[in-house]
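The first chain written gets the first letter, and so on, giving A, B, C and D; residue counts start at 1 in each chain.
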C-alpha cells in the first residue's frame, strides 16, 4: 500500500477544530450555581468571581490559539507525520486548559503556596501550547510544507514573532507567583493587545 | 511570511459549528434522575420540569443562532481577524448558555430575588449573543466581506432585521423579573414565531 | 441582503455530525467505577451491567441514525429553513439520549413503576428521533430538495421504509413495560438486524 | 429512491474526527483538584499521578488511532454500509477510553485484584480498537474500496503491519497483570516508538 500520498491539511484542521471547540466549550463546566446551596445566588456568584474571570480569559487564550492555527495552516500546503504529532502535542496542552483553569480559579480564593502551585500549573498549560505552536511553525518552514518557500531570515522572523508567547508566558507566570490577580490582568492585557493589534480595519 | 491571503470562511464556520454543537449537546448534562434518590422517578421528573422546559428552550435558542449564522456566512466571501474575534465573542456567549440555563432552571423553583438574578444571568447570555451577532453582521457589511456589496440602506435594514433580538431579549428579561414562567413562555413564543415566520414553503 | 441563495447541505451535515458525535461520546459519562467505593471493582462492574448494555445499545442506535442521515443527505441537493428546523428537532431528540439512557440504566435495577417510566422516557427519545427523521424525509421529497425528483409512489415507499422505526419503537416500548430486559434484547435485535440487512457485500 | 450513489468518505471522516476529538478531550474530566479538599494542592497532585500519566498516555493512544485513521482513509475511494458499521465499532471502543482510563488511574493506586481487573478493562479498550481497525483495513482491501487496487500479497502485508497492535496490546496487558506501572511504561514506549518510527524527516 506504500505511504499515503500528501493529503493536504484539511483533515488535520478539522480534527484540531474539533478538539479546540470541545476544550473551549468544556470550560463552562466549571461554572455552576445551585439552589440547594444555603448561600443565595448573589453570594455564590460573588464568591465564584475567579471562575468567571478565568472562564473569559481561557476562552480567549484558546480562541487566540485557534486564530493563529487557522492563519498558519492557511499557509501550509501539506502535513507529514511529524507535523501531525507536533499538532497532537499542541492539542494535548490545549485540552489541559479546562483542568488548569478550574484549578487556578479554585485556589485563587485561598492564596498561599497552593495558589502559587495553581499558577505554575496554568503557566505550564500556556507555555506548553506556545512551545508546541513554535515546533509546528518551525517544522512547517524547515520541511518545506508551506505553500511558498520562505528564506531562512523570513523563517527566523516568523518563529520570533509567533514565539513571543513562549517568552512572555513564563514572565507572566513569574508575576503570578507574587500576585495571581495581577497575573490574570496581565494575561487579559496581553490577549486584548494581541486581538486589537492583529485586527486593523475600518473602525466600527 | 506576510499576512495570510484570504482563506474564505470555511474554517471559521467549521469551528463555530463545533462550538455550537458542543454547547447545544452539553445542555443535556443538566437533566438527570437517579434511582438512589428516595423520591420516585415520577416525582423527580415533575420537580425537574423547569430543567426540561429550559432544555428545549435553550436548544432552540442556540439552534436559531446556528441557522442565522449559517444564513449569514453563506453571504460572506471572506473573514478578517476582527470578524474572527467578533465570532469568538459570539461563541463565548453561546458557551455560557449551558450554565445560565442550569442556573435558571435551578432557581425557577425557588422564586424570590435569586430567581430574578437567574433571569438576569440568562438574559445576559441571550443579549450577549444578540449583540455579538449584530457586530458580526455590521462588520461583514462595512468591511466589504460580503459576496456582493450592499447599499447603506440595505445594510441598515439587515442590521435592523437581525438586530431585533437585541431589543426584544431585554424586554423579555424585564418581564422575567416579574414572572420567570411568563418569560419562558415569551421566549418560546418568540422562538416559535421566528421558526414559523422564517420557514415559508409547501405545507407538509 | 435578500434571502441567501441555496447553500447546499454541507454545513447542515457538519453541524449534525458535530451534535451526533458529541451525543454519542457523552454516553460514556454514565460509566464509572471508583476505588473510593467500598465495593470492589468486580462488584461495581457487575452491578452496573445495565449501564454497559445501555451504552452499547444507545451507541448503535445513534450510530444507525447517523448512517441513515448520511445516506439521506447524500441524496439531497439543498436545504431550506424548514428542513433545518426539522433537523434541529431530530438533533434535540438525539441529544436527550444520554439522559434517557442513564435513566433507563439506573432504574432497570430497581424495577417496578419507576422502571416502566424510564422505559417510556427512553421510548420517547427513540420515537422522537424516528418521527423527526420521517419529517425530514417527507419534506425533502415534497419540497423538491432531492438531487433527482421522485414519483409520489417512490416517495411513499421511501417514507414507509425509513418510517418503520416509528412503528416498531412504540411496540418495543410496550414490551418494555412488561420486561425492560426483554426490551433491551429487542432493541439490540432490531439494530443488529438493521446493520446486517443493510450491509450486503463480500463475506469477510 | 434506490441506494445512494457512492458519496465518498468525507462525511465518515468528519463524523470520526468529531467522535475522536470529543473522546480525546473528555479525558481531561478525570483531572481535578479542589481547594475544598483538606489535603493541599501539592498532595492532591502527587496522589493523582496515575491520572496524569494515564491522561497523557490515552491522549496519544487516541491520537495515534487518529493518525492511522487519517492515513488509511486518504487511500480510500469510497465507503459502503459495512465499512460504516466497522467504523462505528472502532468509535465505540475509542469512546470507552475515557472510562477505562479513569478506572485504570483510580485502581493503579490500590493494587491487588481490582488493579488487575482495571488493567484488563483498559486492555479491552485498546484491543477492541486494534481489532476494529483491522476489520476496516481488511474490508477496504477486499471490497475494492481503495483508490488503487492492491494485490493479495500487498493486502496481507498491510493487514499484518497495521494489525501489530492487536498482537502487542494483549501482551502488554498480560504484563500489566503483574505490574500495572510497567504496563504504562510499555504502552508509552510502544506509542513513542511508533511516533518516532513513523516520522522520518529532517531533524528539528
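What we mean here is this: a residue touches a chain if its C-beta (ideal position, glycine included) is under 8 Å from a C-beta of that chain, and two chains touch if they have at least 3 such contacts.
In this text, all values refer to a predicted model and were calculated from it rather than measured experimentally.
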item: Most remote chain, CA-based centroid, reference being chain A; value: C
item: Copy pair chain C, chain D: interface residue numbering same or different (half cut); value: different
item: For chain A paired with chain C, centre-to-centre distance based on mean C-alpha positions, whole Å; value: 35
item: Cα-centroid distance, chain B relative to chain C, in whole angstrom; value: 25
item: Junction residues of chain A, two or more chains touched; value: 14, 17-18, 21-22, 26, 29
item: Chain D-touching residues of chain C, taken from the complex the two chains share; value: 13-14, 17-18, 20-22, 24-29, 31-36, 40-42, 45, 55-56, 59-60, 63, 66-67, 70-71, 74-75, 146, 150, 154-155, 157-158, 195, 198-199, 201-202, 204
item: For the chain C and chain B complex, residues of the former touching the latter; value: 1, 4-5, 7, 11-12, 14-15, 18-19, 21-23, 26, 29, 80-82, 84-85, 88, 91-92, 95-96, 98-99, 102-103, 106-107, 109-110, 113-114, 117-118, 121, 135, 138-139, 142-143
